[in-house]
Amino acid sequence: MSKDAVTFTIDGVEVKAKPDQTIMEAADAAGIYIPRLCYHKDLLPGGHCRVCTVRVNGRPANACTFPVNSGIVVENDTEELKALRRDIIEMLFVEGNHYCPSCEASGKCELQAMAYRLELLTPQMPYAWPKRELDATHPDVYLDRDRCILCGRCVRASVQLDGKRVFGFENRGAQKRIAVDSATGMGDTDLSAKDRAASICPTGCLTIKRQGYLTPVGKRPYDKVPIGSDIEKKQAAG
Amino acid sequence: MTKPLVATGHFTGCFGCHMSLLDIDERILDLVQLVEFDKSPINDIKTFNRPVDIGIIEGGVSNSENVEFLREFRKYCKILVAIGSCALTGGVPAMRNTVPLKECLQEAYLDGPTIVNGVIPNDPELPILLDRVYPCHEVVKIDYFLPGCPPSGDTLFNAIVALLKGDALALPYELVKYD
Amino acid sequence: MAEDMRSLVNQTVERFGKDRHRLMDIARALHARLGYLSEETIGHTAQALGIHRVEVRDMVSFYSFFSRKKQGKTVIHLCNAVVERMKGADAVGRAFERELGIHFGETTPDDAITLHHTACIGLSDQAPSALINGIPFTNLKPEDVPGIVKAIREGEDMLNMPQAEVDSNVRRPGEVIFAPMERGAAIRKAINMTPESVINEINKGRLRGRGGAGFPTAMKWDFCRKAKGNAHYLVCNADEGEPGTFKDRAILQECPDLVFEGMTVAGYAIGAREGIMYLRGEYEYLLPSLERVLAKRRHLGLLGENICGCEGFSFNIRIQMGAGAYVCGEESALLESAEGKRGAPRDRPPFPVQKGYKGEPTSVNNVETLCCAARILDRGGEWFASMGSRDSTGTKLLSVSGDCEHPGVYELPYGITVKKLIDMVGASDAQAVQVGGPSGRCLAPKDFGRSISFEDVPTGGSVIIIGPERDLLECVRQFTEFFVEESCGWCVPCRSGTTILLKTLEKVMEGRGSRSDLANLEKLGKTVKTMSRCGLGQTAANPILTTINGFPDLYEARIKHEEYTPAFDFKKALEVGCEAAGRNLELEGIHV
């Protein structure tokens, strides 16, 4: 650690960080898991989901964009924040159409896994049942907007990792949706199934065709261990 | 001491949750020691004879009959437990919820490519369809939820035993699943 | 035809220097010419700018004044904000529907007229109001409608219509804003001082931002001045979209020179060469007169190179038009919009003073704040600080509307009590006073002794009086609906949470709610407040939360006194099924 390392605390645990890190990056490196959905370590943060909201010196801030600072007091694993985050997950379930039993992303879906981790037994907020358009025009990739949580990962990945601009947003508020860079459908964009954007979706909204249900139940990433265990394992090992 | 009474019921779904209940294998003998079954498809008792302690229901609410039966369950059961995706969220039957009911019926009974002289079923014996499939908690108060499609035999057994003993319902991570 | 369009697009893009940052202006120009922005236009625009179609669509689809479907030659935007509805906007709306034979959101079969609703257009004091091809119509009555429609159909100049008139409606001028001014006086004082001393003078006046948040202006300028960048920018926020606010409209009508004077002083203080006034799309009708004032100031040497002979001080102002999005009043969303993108707020830090317009240090100040700044330079910080209260110096413009005898703009020293204000405007019998618009708070009579100031009840200027006969919860419902419509959709708690708040509130208002629903409203309100990304979401639950707090009896009276009641409406749920199958509940004796 360089001499200008920053020291602060997360839930009372002292964490050392580089001065240009965000709270999320510092926490990950220290083996402390802050729940998140739209964040991806290979992408610039988007600040969409707000699941990573922590309290910094008492004020709410999202860990994925907030820079570390010497002496800040960060609260993460508290009952209050858990309940607030659970509300966000619940909102995502009722604003989209998430049919987990038949979804090929079940077991590896980060939305579902976050619900498990935050102990949400079932959403009870009023369902929206929106009509959402499916795009199956691409030979190798599906876009099933029913399952979209507007995390924007595909939008960012296409630009930042693939050097393209296949995805964008459209409309605002509850009508906001993922759009593709063509007048017709995803099939007329330059998306390739090999693009990072095609496989970076946290849910089953963007999926590679002919790859569904390959992993048996019981062997999928979140069947046995909660999401975030990999990061927490680092702490146990360290 | 009389044994606690349990009733089970099913609405719109596949009956898989009841199958899963039978999946507790030989533990069903333990369960029979602990409780007495009232109205349930398992023993084919069709009506409530008295108030029961625990009601266990599967399936979403898609028609008038579902609503009436669910309300009856709420009336007779001290504790009402909804089990499985359909009861909790509407489940797979709720896939029709994004299409207006009229369009669904027209496509199924009038305009579909294989239909000749179609008619939307209207026999008074048939329940009337609701505008959409509702999760149980949107129709009556539900006391406990057990997710899964179906919830595993272990989930159901552990939960029922905990309820009977009055223990807190703490299910291990791998037993709480939405699929 | 297609080639015509392509060349129109190319010319337009050329006119704005093929600059991607000017996409708002390009889209506005094309929309004005074509009446809408088709997927084809979007594609050509992207091509001409060398960007992707999805980027253009992203921006265009965000703003309510851009349509992607063909519109009528004349577009009527009838305002349906809360105050407008209090004053009879619904009846005017029905009259338009009847006269045109269409519903809202539709176009007449001859493609002549399209009818839309729109959120507050800054005319609550002259409600009901509408924008007809951008021209404001005020004090509308249902009986005016046939004449207006006839005039449209006959191609008359709408500006000649008697209703096409906006009164600045300044009921009470004060010493800071609506006082006589000498053009250039503040600038001349400023350039004889160092920028640091200018900031110091503002600091002496203890000037705080008038948009509502109250950040000390001197501190903002100081941060911006000291931040390193390739260029510094000054942005004037003239996007007052808070329902019930219209004080900037009055300023821009009455004393635009004072605003530009303030912008120039600010530009000098922070070291900016370029100033941008972001003017809300609803105020397009003010644009010609504002441009004339800017031209005059350039002519007088008050803008441009070496201003007032001050070697090296160059500053210019351009007006950036918005296109109908409340969230753009939030400073970081405003900057995104000014850069030609969707008006989605940014995460902070970095703050605009560090990374603002085009990623450079930017000071974003409210119209009224800049006027105060100009006046402080002219008359001194001490003079300014002698007015108002300790933490809230100077005067505040209040836009008063709703159930009162004298709606309009009042310039009053900070610290005035709500009681004194409502007596002054002829609303002594108010049931409630909504201070700061929907995002502010709803005050009950027990709170009328409180004062309008940063230390007590802050406001950006909106004061909506809710009279004794009003259904207050209906106002709360409409306010909540407003946030649903205006949420940008970037973050989950605001996009989804506001909708769920509205549904839960409606359940309570329909008499289907119970105590658990009230608890849910409070819990969810707290989630939306705590977890949202920007001020819109953080305040969207305020109408509900502040009325549950101030008017608990209104909610109590609507709920069932049971622990839990479902939202389910059996009879309603069966309607479609009965109709489709030709069944009759009553005949069949089905009890719901």
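In this document, chain identifiers A, B and C correspond to the written order of the chains, with residue numbering beginning at 1 in each.
Definition applied: a residue touches a chain if its C-beta (ideal position, glycine included) is under 8 Å from a C-beta of that chain, and two chains touch if they have at least 3 such contacts.
Note that the coordinates shown come from a computational prediction; the quantities given were computed from them, not determined experimentally.
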Chain whose mean Cα position lies farthest from chain C: B
Interface with more contacting C-beta pairs, comparing A-B to A-C: A-C
Chain centre separation (chain B, chain C; CA means) in Å: 49
Gap in Å, rounded to a whole number, between the CA centres of chain C and chain A: 32
Junction residues of chain A - those touching two or more other chains: 126
Residues within chain B bordering two or more other chains: 132, 137-138
Multi-chain contact sites of chain C, meaning residues that touch two or more partners: 567
Chain B contact footprint on chain C (complex, rising order): 563-564, 566-568, 570, 572-583, 585, 588, 590
Complex contacts: residues of chain A adjacent to chain C: 45, 47-51, 53, 60, 62, 65-67, 84, 87-88, 91-92, 94-95, 125-126, 128, 149-150, 165-176, 179-183
Of all residues in chain B, those that touch chain C in their complex: 63-64, 67, 100-102, 105-106, 120-122, 124, 126, 128-132, 134, 137-141
Chain A residues touching chain B - in the complex, by the definition given at the top: 93, 97, 99-103, 106-107, 112, 115-116, 119, 121-124, 126-127, 129-132, 146, 217, 223-226
Chain C - residues contacting chain A, complex: 39-40, 43, 52-55, 57-58, 61-62, 325, 342, 347, 349, 484-493, 495-497, 499-500, 503-504, 523-524, 526-527, 530-533, 567
